[in-house]
Amino acid sequence: MLKVEHVKTGYDGVPVVHNASLQVEQGSIVALVGSNGSGKTSLLRAVTGALPIMRGDILYKGQSIAGVKSFKLVEMGISMVPEGRHLFGKMSVRDNLLMGAYSVRDKGEIEKRLQSIYKLLPRVEERQRQQADTLSGGEQQMVAIARGLMSKPELLILDEPSLGLMPKLVTEIFEFIQRIKDSGVTVIIVEQNAVATLEMSDYAYVMQNGETVLEGTGQALLADEQVKKAYLGG
Amino acid sequence: MSVFLQGLYEGIINGSILALIAMGIALVWGVMNILSFSQGEFLMLGMFVSYYANRLLGLDPIVAMPLSALVLFVLGIIIYKLIIARALRGPILSQRLITFALSMVLVYSAQLFFGAEYKTLSNPVKFSGTIDLGFLTIAKQKLVPFLLALIVAGLLFWFLRYTRMGKAIQATSMDRYAAGLVGINPDRAYTISFALASAVAGAAGCALTYYYYLYPNVGATFQLWGFIAVAMGGFGSITGAFLSGLLMGIADTLTGLYVNTAIKYIGVCVVFLVAVSFRPKGIFGK
Amino acid sequence: MKKFLSFFLAVTMIFTLAACGNNTNSGNQNGSAGDGQSDGNTIRIGVLTPLTGSSAQLGNQVAAIYQMLTDVINEEHPELTMAMAASAGITSMDGAKLELVIADHKSDATTAVSEAKRLITEQNVVAICGEFTSAIAKAVAVVTEQYEVPLIVSCSAVSLTDGTNDFQWFFRYAITDETYIKDTFDFMNYLNENYDAGIKTIAMFSEDSEFGANIVPIEEKYAAEYGYEIVEKINYSSSATNLTSEVLKIKEADPDVLLMSSFVSDALLFFNTCKEQKYTPNFIIGQRGGFIQSDYLTAMGDENNYICTTGSWASDINTDVTKELVDLWANSSYNTEKVDLMDSHVKDAMNLLFLAMAIEQAGTTESTALREALLNLDYDMDTLMIPWNGISFNEYGQNTQSNGFVTQYYDGAYHTVFPAAGASMEPVFPMPEFDY
């Protein structure tokens, strides 16, 4: 579904990612792990059109999406939930979700999606009139993911969904991601929390110094000595 | 008593023009964090549209108003695409100062194309005359800026709160990056905001020609008071800008009437200082 | 398309800037680009005038008249009676030609000061004249004192020559406000005595810069002396966004005569606001300023009828040399806007003429000699287009022999109404109501 081929990208002409390649199959969860500053987030930003591609190519359903602006990717079925949530703080939860369906014009359809989100996350429904920046961290993360789902994406990209959350909430978030995958959405997830992520993923890539250095099924990487040493604290 | 009422009424009318300028500045600042130094010049261009519509076609400013708003809206789009959008990619200082440079270009261009002399509408204006209520003399033409300010404030409120584009603009102002991720074209939201602000100034310029003279530098003074209204209302707050504009008009006229005309602007500044010392971020600042 | 538009915008910008630059340099067209007076063939004269900014129209007109007058002086015009016209250039200096270096002071004192310095130190001008407000003249005088270069102005603030500054290089042939305001009050007495006007109360409406602020105490002095009651006194800023409270106060006071010291824009705003408030002042006497500028008159049209102003020149002055000047200007190629010659133009133009006469009489541009010549100018009133008693300076550089009169606007022009000896029209008192 998504193919990243030898991509080089960075900020203001200074490359951060030198050579990254990965492949995502439809219906799977693919994890991208690696230490801080290894280039995971930059790679995701390049995929979603926020950073320029200096070399290489990105193919989505066989079509190049290198340099396509992020707002156009939404209509193509790609949705990203950025690190730090980036909710519209002064808007209500409900309005945040509605903004997630900005590319949809059919009001009935929007309402239908909203209801299905509420069914999935009753707590978000309870809070729908509340201003987004008054929610707790976990709730905000839920809303951020829910907003990402409102465009009914085929590919959902999650950047550090568990960052700064209490362990109990992390489990909740991961269960939610699993359910999203089960509903047929392809998921790319970037996480510091490597063990839980690898356990959940069908396939995973390890990034180091701006390059994808290792790949394999989640289970295989979990067993890999090198990975254990470097990222799993073993 | 009737002098007081007249003064209060005229103060609101005079404040309406400031409110209109200020709402445009507040919109641009609120959405894209740019100080729109060229708002006064858009007002000036609106006045020239009104002037030429009157001189060449014999139109009343109120009839020329939609035309002027449209002309300035289109000009706003062109200026945004050609200049502002590019400056936004540059360092923060050039973002902040680009509209300043723009205002100078507009003033000098106006001088070149329209001449530097003072002008007033040359053909008779139909929507004029006074209504004498005994306790209040209402000049019909001066109702125009007030009604316009009310309508613009209402329309902006409605547009930003209840329309798809308006919500997209709000979302972009809160988080440009996230707006892109949900499928909003942030550049489009910026363009529309900038063009809307300039259209408001264009309409305000028409209303102003009913009683004010025009010349290429006319925007500067209104611009200055507009900025003060924005600071007093709370940067980015359109409601705040609207109310502060009116309040400043009232302070201006009543100080002139009851204290001394020579210090009427001190009266306005005192109101401003009192407002910001109690609420440093402005009356509606967050 | 985007590329094309940016290109178009860039071209417009360059065009705009180039046009402004052109204006500033246009004075150089009729001379070689030599360095000042030293080559003996050209004498550089600095002209400071507002080419841009709020008084740009008057400033450009004055620059145009200066250029016309320079051509008259530099070429041979035996058919003209005007001083300096008959022979070409400065005869005492081998027919040296005048060359104007025109600079834009933008009606801004800071700009005026730096431009004056530039004219003196880089352009080597021998003297400076032009179009000044009193505030600008005061700022520039400091520079010309420092460099010992004559400055000749026709703005009217008394404070410039009342000894408070002790300027040595400052010259004013034109009248001060003292004279204009005495004329104003004499005129009111004249109206009372001859036209049964019954004027008892006056109100003052004065802008608050050097011009208006200096007039206020003089008006107060004469009001006390002549026994008129001041019922309202308004000081206001000429860049005001509104004059509503000002007009409401005047309307409340409703004086028999309103004395106005206003510029163009504020006068226009004042009358518009009066009409909104359904108020026509009983009678208005302006103190020149905006009242004698062409954009004011164009904007007011017939609504200016019966408004009076003081002045020192009017086109109805019945002398040959005045008619000559009016004709010259009417047919001049420099008069691109085809405006009528007015008081403010002529007062400024006279300064250039006086300067040329002084150079001719000094036979040199050396500054001390030039100063002496300016102070002791040899003149023939029949060759000057201004109806003064004569020229003689007091110790502060003020001509004590100039005089003024009062004019009233009717049917497209100001007509002299006072003093009676030079009057071309009977005064109309009070003014009819505005058309609301």
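Going by the order they are written in, the chains are A, B and C; count residues from 1 in each one.
Following the convention adopted for this analysis, contacts are C-beta pairs under 8 Å (C-beta built on N, C-alpha and C of every residue); 3 or more make two chains touch, one makes a residue touch a chain.
From a predicted model like this one, the values you see are computed outputs, not experimental measurements.
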**Message:** Taking each chain's centre as the mean of its CA atoms, which one is most distant from chain C?
**Reply:** A
**Request:** Give the chain pair that accounts for the most C-beta pairs in contact.
**Result:** B-C
**Message:** With centres defined as the mean C-alpha position, give me the chain A-chain B separation in Å.
**Reply:** 43
**Asked** How many angstrom between the C-alpha centroids of chain C and chain B?
**Response** 35
**Request:** Indicate the whole-number Å distance between the mean C-alpha point of chain A and the mean C-alpha point of chain C.
**Result:** 74
**Prompt:** So in the complex, which bits of chain C are touching chain B?
**Reply:** 2, 5-6, 9, 12-13, 15-17, 19-20, 52-54, 56-57, 60, 208, 234-237, 239-242, 244-246, 248-249, 252, 264-265, 268-269, 272-273, 275-278, 294-296, 298-299, 436
**Asked** Quick one: in the complex, what on chain A touches chain B?
**Response** 48-50, 69-71, 74-75, 79-82, 86-91, 95, 98-100, 102-103, 105, 147-148, 150-151
**Prompt:** Along chain B, where are the residues that touch chain A in the complex?
**Reply:** 164, 167-168, 170-171, 174-175, 177-186, 286
**Prompt:** Which part of chain B faces chain C closely enough to touch in the complex?
**Reply:** 3, 6-7, 10-11, 13-14, 17-18, 78, 81-83, 105, 108-109, 111-112, 115-120, 129-130, 132, 137, 139, 141-142, 211-213, 215, 217, 221-222, 225, 249, 252-257, 260-262, 264-265
